[in-house]
Every structure is written in structure tokens, then in C-alpha cells.
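Okay, structure first, notes after.
As written, the chain order gives the labels A, B, C and D, with residue 1 at the start of each chain.
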Amino acid sequence: MTPLDKLIAYFEKFPGIGARQARRFAFHILTLKPEQLAELSELITSLPKSVTECQDCHRFYSLTHQQNSGSCQICQDSNRDSKKLLIVARDTDIQAIERSGIYDGMYFVLGGTIPLLSNGDVSGKLRSGALRALIERRLKIGLAEIILAFAINPDGENTARYTEGLIREVPGAQLLKISELGRGLSTGSELEYADGETIKSALRNRS
Amino acid sequence: MTPLDKLIAYFEKFPGIGARQARRFAFHILTLKPEQLAELSELITSLPKSVTECQDCHRFYSLTHQQNSGSCQICQDSNRDSKKLLIVARDTDIQAIERSGIYDGMYFVLGGTIPLLSNGDVSGKLRSGALRALIERRLKIGLAEIILAFAINPDGENTARYTEGLIREVPGAQLLKISELGRGLSTGSELEYADGETIKSALRNRS
Amino acid sequence: MTPLDKLIAYFEKFPGIGARQARRFAFHILTLKPEQLAELSELITSLPKSVTECQDCHRFYSLTHQQNSGSCQICQDSNRDSKKLLIVARDTDIQAIERSGIYDGMYFVLGGTIPLLSNGDVSGKLRSGALRALIERRLKIGLAEIILAFAINPDGENTARYTEGLIREVPGAQLLKISELGRGLSTGSELEYADGETIKSALRNRS
Amino acid sequence: MTPLDKLIAYFEKFPGIGARQARRFAFHILTLKPEQLAELSELITSLPKSVTECQDCHRFYSLTHQQNSGSCQICQDSNRDSKKLLIVARDTDIQAIERSGIYDGMYFVLGGTIPLLSNGDVSGKLRSGALRALIERRLKIGLAEIILAFAINPDGENTARYTEGLIREVPGAQLLKISELGRGLSTGSELEYADGETIKSALRNRS
């Protein structure tokens, strides 16, 4: 295998990339200037050093000089409301929530979902232990509500049920309020094409 | 123009049908048996006699022997809650609401939407007068809430604002509760692809 | 079942139409004026009388006063070249060929294709006997080439092989030229996305 | 801008990649092992050294030990027919032609297309001079046919006309055969949806 083929093989493992686009990426690399190649290459090698996983919420965040406490900017921000904890499946979900601009609480990245139909127990891949430990710590400083923010599909709902069970086992968490993101009509929805469950929620959540 | 071409021209005016599919419809007609042709033809001619517009909600409904009061089955159903009135743009929207199985109030079909960007006043095409009259009548028998159920897009929102204004002008309607279908994550939604407005509503409507 | 439901059931059998669009067609019917309803209805009932199947090419054509010989306008047109016969699966394919404006020969509508994977012998549904008879008659007046014009997919190719076999069995047809539509790059094709077979043909047919 | 943001900015410039996928690529990088990071990084930096542009056909090819003549494997292959030269817009088009397995001539990568509607003269971005020089050299060793293999769309056709003019200006090239890839029905084509031009070509190229 030539270096070109090896590079294409790496690009083929990028999420959502097939053989043709991987090849096009390689041709794109050939159009870069030497200093760009050097910078891109350096950024890739050093990414794990400049980005680290937050010890509290477990999202990846960029390290800065001021900040090497092990916790990310959000987890360290004393203006955020530590009474609320919102649990998402993945890092990228946090961005979506932050874009909305109205959530002022804390986060936790579970690390994936539990497929409704899965062979064997896949819950081991999720950060169950870290979640339990975080809830115990936060209960001591006033945690009052946990918001489950998973996708509205069978896997997301299965993960919500699993996470709820996990929370309830934490000593002292029995009375914690557990909520889920509200369902209803999304932007762009037309009634005629909305399913029964969505309309049911939209009617209940009318305001 | 031959009869075939004339028939194709009729089919081309069917909603969502182009020249090719209209032609295919004509060929489909040619495969029907004489008794099917006669029945289809009769059903088309007599449809206006077997279906009528409800004088209250203005949806189309099939006439049955027991029922020739001018009002549809829903508007005559004494088990439904006449304190609630849900306003939709079109007939087909009522089916979507009924499919959800949890709405037990009354309906009104406005007859269309008011495009956000429209040349001239198109509100004349909507059943504004009939809506006003219905609200006046219903206020006397306890109408307490009007639910606006339009699409979550600029035209739907524009229509909601217009309808709200129209309702507030009805004498005695100033204190009427006016609600809109709740927004949030629809079935199938993934956080990563949800827009800010949808997530904002989903967070507010969490439960 | 109400007349409305019956009409919707008819529309659901129209090619490519589902439950929702069928219902919308019914609502469209309700918007027609009485004289339009009467005309549409009449056109449907009388279509079989105004359109007939050509006894030669078996396509449907509109009957006109001057023409009641049993053959369509194309089959009767003495300016067309009776040395060429182009065989298509369906009526609508003839329109596509005529649109191109360069074919001046005759046609035959086989009435369908033979799926590559089919349970039982489906060739009985095709007009094999009529094709054989037509070829015999045309051979006497100089038929020199038969063009097979089926889709470029497994079913189309299977139908081409079947039809070729059928032609070769006609007495006197052994030396008849049998051709197929040329393959190559279609309008809009980009090389990168073209399959090997298409490029092979495009290279062979270069000019 | 953090290193993470810088890396995402590089990925956003990859062909066909938007902000969200670029971010997902960065998270993918974080899942790689140190030795994979090192290898990917090295492959990127060294790609220009292991891949070079062929001085004859101008495609990129991987350098191997045996081969450092400046020409690629195809251009050096004495079994290939140097009487034929096939001109493509881009590198990736060569792969499509090679996949078909029936072309045994030489190639030239023009480096792009000339949009039908373009502001200013964009022909300067193409390898016009290199093409002229190659044709002159090849005419001396028997070049007999040039095949233009551009996309079947307005830009591709415009580029074909431009290239043809360019070829005719080369001294001694006036009698050279210039052909284009054959048009016709591509794999998967159905007659009903084929445009007039495609059917015209398919009829002319029947065989």
C-alpha cells in the first residue's frame, strides 16, 4: 500500500466518509502549501494535548493557560446553576443546547446511547460510575433537577429509562426531580405530517 | 383537444400531479372495468351531494340518514367539550389532531393561511366572518379556550397572529384564553440537528 | 363506507398515489364546479369509447372521425418507414421516443417486461402472439430492422433477451437485424459517478 | 482561536465538509491512538513527497523506487497505445475510465472545466500550454485520435469546444481525429424519464 492509499484509508474511517470522498480529501491535501501541511499535521498530533476531557461533565474542552484544574469552562463557571444537571449522549449535543441560549445549568456526557435492540449488555460503555459519583457530589451542594436530553427515538427513550434507573439508585436521589425535554411541534412542522405522539405532546404543552 | 387530452388536463389540476403522472392516470382509467368506470364516475358527480360543509366548523363531512342538521358528527357530539375550540388551516389538519386521540373539544377550519409575504390582502379568502360568528355563539354557552393549531413556519405564525387579532375583536372575547400548540422535539428529533427555537421550547416544556 | 371513502379508495389505486394524496384528490373534487364535475365524470365513462388500442402497435390512441380503420395515426402514416420496428414495454415509452424527433419507423407495445426474478412464467401477460403475427405481416412488406428499446436494468435486459428469442422463431426472421438502443453517458452524467458498463459503452460509441 | 478550532477550520475546507462534520472529524481524531495520530500526521506531511504530478498526463501518482523518471505508471507503460489520448477534467475521472477496463490509450488531465457562464477568462487555470506541448510531442510518435471525456452538461460541453479549438491550433493537428464519449442510455435509465437528446443519441448509437 502506497502512502497515498494509507492516507485514503485513514480518511475512509472519518465519520460519514466513503471511498470517493476520502480520495478527494487526499487530492485536497496535495493542494495545500508546505506551511499549511505542517500546521495541519501538528494540530492533529497535538490535539490530545490541547484538548482534554472534563473530569466533571466529561466533555472535551480546549486547555488554556488560566485553566488546568481538570474541569471545563462550564463546570467551573460559578454563574451557572449547579442545582440543574442536563445529561446528553454526546459532546455535540451540548453545543445544540448552548446554541439555544436559555440553559444555565450543568452538563454530563453519558458517552453514548443504549440501543433498544442490542446483543449483550452495552451499558458498560457508558459512564455510569462517573455519573453516579457526580450526582452524589452534586447532591451535597444542592442538586435539585436532572434533565434527560436524549433523542426522541427508541434508542434515546431506552437510554432515558436506563439513566433514570441509575439515578434512582444513588443514595439520596430518590426525591430528585427528573425531567425530559418537552415534545411538541418542531420548527417547520406541519400538522398533516405530524405523528400522533407529537400532536399529543403539542396539545398537552399548549400555552 | 381529444377527450383523452381533456381528461389528462383535469388530472394535471389534481394537487401535486404533473403532466406525466396525469397521463399515467388516464392509462389507469383505461384498465378499469365498465362497472368500475360507472361507479367512479357516479362517485365524482354525486360527491357534492354526499359530502357537505359543516355550518359550524366548516369541515367537509359525509351525510348520513340520521344526520341532516347542517352540522357534522363532531359538532353535534354532546360528549365533546364545547368550552374548547381548536382552529386549523385545513380540513386535513383535523384528521391529524383526531389521530392523536386526546383532543375532546370542537374545531373550526379557517380555510387557509395568510402568507407572511403576500401581495395584497388575502385575509378575504379565509372564513373570518364565520369564525367571529361562531365565537360569539359559543361564548354564550361557555367557550373558555381557543387553541391555534397552525404550522410552525412563517406563514403559520403569521396566520396565528392574524387570527388572534380577529378573536380579540369579538365582543366578550378579551378574556378568552388563547393558546398555541406546544413546541418541542418531535418524534425522531436528534438534539444535534434541532434548531435553537425548538430546543428553547423543549427546555421550557420539560416535564 | 361512505361515498367519500369509496372515492378515496378509487384514488388510492391510481398509480403512485397513497392514502393522504387520495384524500386530497377528493377534497379537490369538492372544489370543482357542477359543470366541471359533469365533464370529468363524462370523460371518465366515455374514455374507453374515445380511445382504442391500435390493432397493429397496440398503443392506445384517440379515435377521430376520419379514422376508424383500427390502426393508429402512426401505423397509418405512409410517410413512416415500415422497414423499422421499435419495440417498447409500455405506451408511455413511445412518447419519449417521439419527443426525440428522429425516429421515423413503426412501433409495437409489448405490454410489460419480464422480471429477471419472477415466480412462474409471466411471459403470458405480454403480447407475444400479436408481435409474432405483426412481424410475419411486416416481413412481407420489407421489415429489415427491429429495435429493442427497454430500460437499461436487469428486467429490461431480460425482456430484451426474451423478445429476441421470440423474434428469431418467426419464419423468415433469422436474418432480420435486431438492434438495441445505444448505451453511453446520458445528459447530466459526470464521469466520476458513471458505472463501468456505461463508460465502456461510451468509449465504444465515441464519435 | 484554540488548536481545536484551528483544526476544525482546516477540516471545514475539505471538499464537501460543513461546520458540523468538521467538528465530528475533530472528535474522531481524539479517539485515535497515539501511534495512529503519529502515522496520520506523517502521511499528511509527507504526501507531497510520496505523490507527484506526472510530467506527461499531469495526474498525481505515487512514487515507487523503480520509478523516478517524472512520468506515471500509465505514461511509461509501453503496452498502452500512444496513438490515443483521452483528455479529462480531473484526476478522479481517470479512475472512472480505468475501472471500465477497456481503454488502453494515454491520458491528459486538463485541470478543470470552463463554465459556460463565467466572469472573465478562466481558461488560464487549465493546462493549455502543457496540452499543446504534449500533442506536439505525441504527433511525432503517431498520435491519431484525441478523445474528449468531459461531463455531459453545459460546462463539460463548453470545455469540449474550447479544447477542440486548442487542439486544432497545434501545427500538424488539423487532421487528427477528435472524438467524444458516446451518449446514450446509462445503466439504470428508463425511457420514460430520458431526455430527447439522450434518446436521440441512443437511437443513433443503436447496435
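As a convention for this text, a contact is a pair of C-beta atoms (placed from the backbone, for glycine too) under 8 Å apart; a residue touches a chain by one contact, two chains touch by 3 or more.
The model shown is predicted, which means the values in this text are computed figures rather than measured ones.
Q: If you average the Cα atoms per chain, which one ends up farthest from subunit B?
A: D
Q: Taking all residue numbers used at the subunit A/subunit B interface, answer same if over half belong to both copies and different if under half do.
A: Since more than half of the residue numbers are used by both chains, the interface counts as same.
Q: Could you work out how far subunit C has to rotate to sit on subunit D, using CA atoms and steps of 5 degrees?
A: 180
Q: Determine the centre-to-centre distance between subunit A and subunit B, using the mean Cα coordinates as centres, and give it in whole Å.
A: Each chain reduced to its C-alpha mean, subunit A and subunit B end up 39 Å apart.
Q: Averaging only over C-alpha atoms, locate the centres of subunit A and subunit C and give their separation in whole Å.
A: 55
Q: At which residue positions does subunit A touch at least two other chains?
A: In subunit A, 20, 92, 95, 192 touch at least two other chains.
Q: Quick one: in the complex, what on subunit C touches subunit B?
A: 2-7, 10, 13-16, 20-21, 23-30, 34, 36-48, 50-51, 60, 62, 64, 91-92, 95
Q: Where on subunit B is subunit A touching in the complex?
A: Within the complex, subunit B contacts subunit A at residues 88, 90, 92-93, 95-97, 99-103, 147, 149-153, 156, 179-207.
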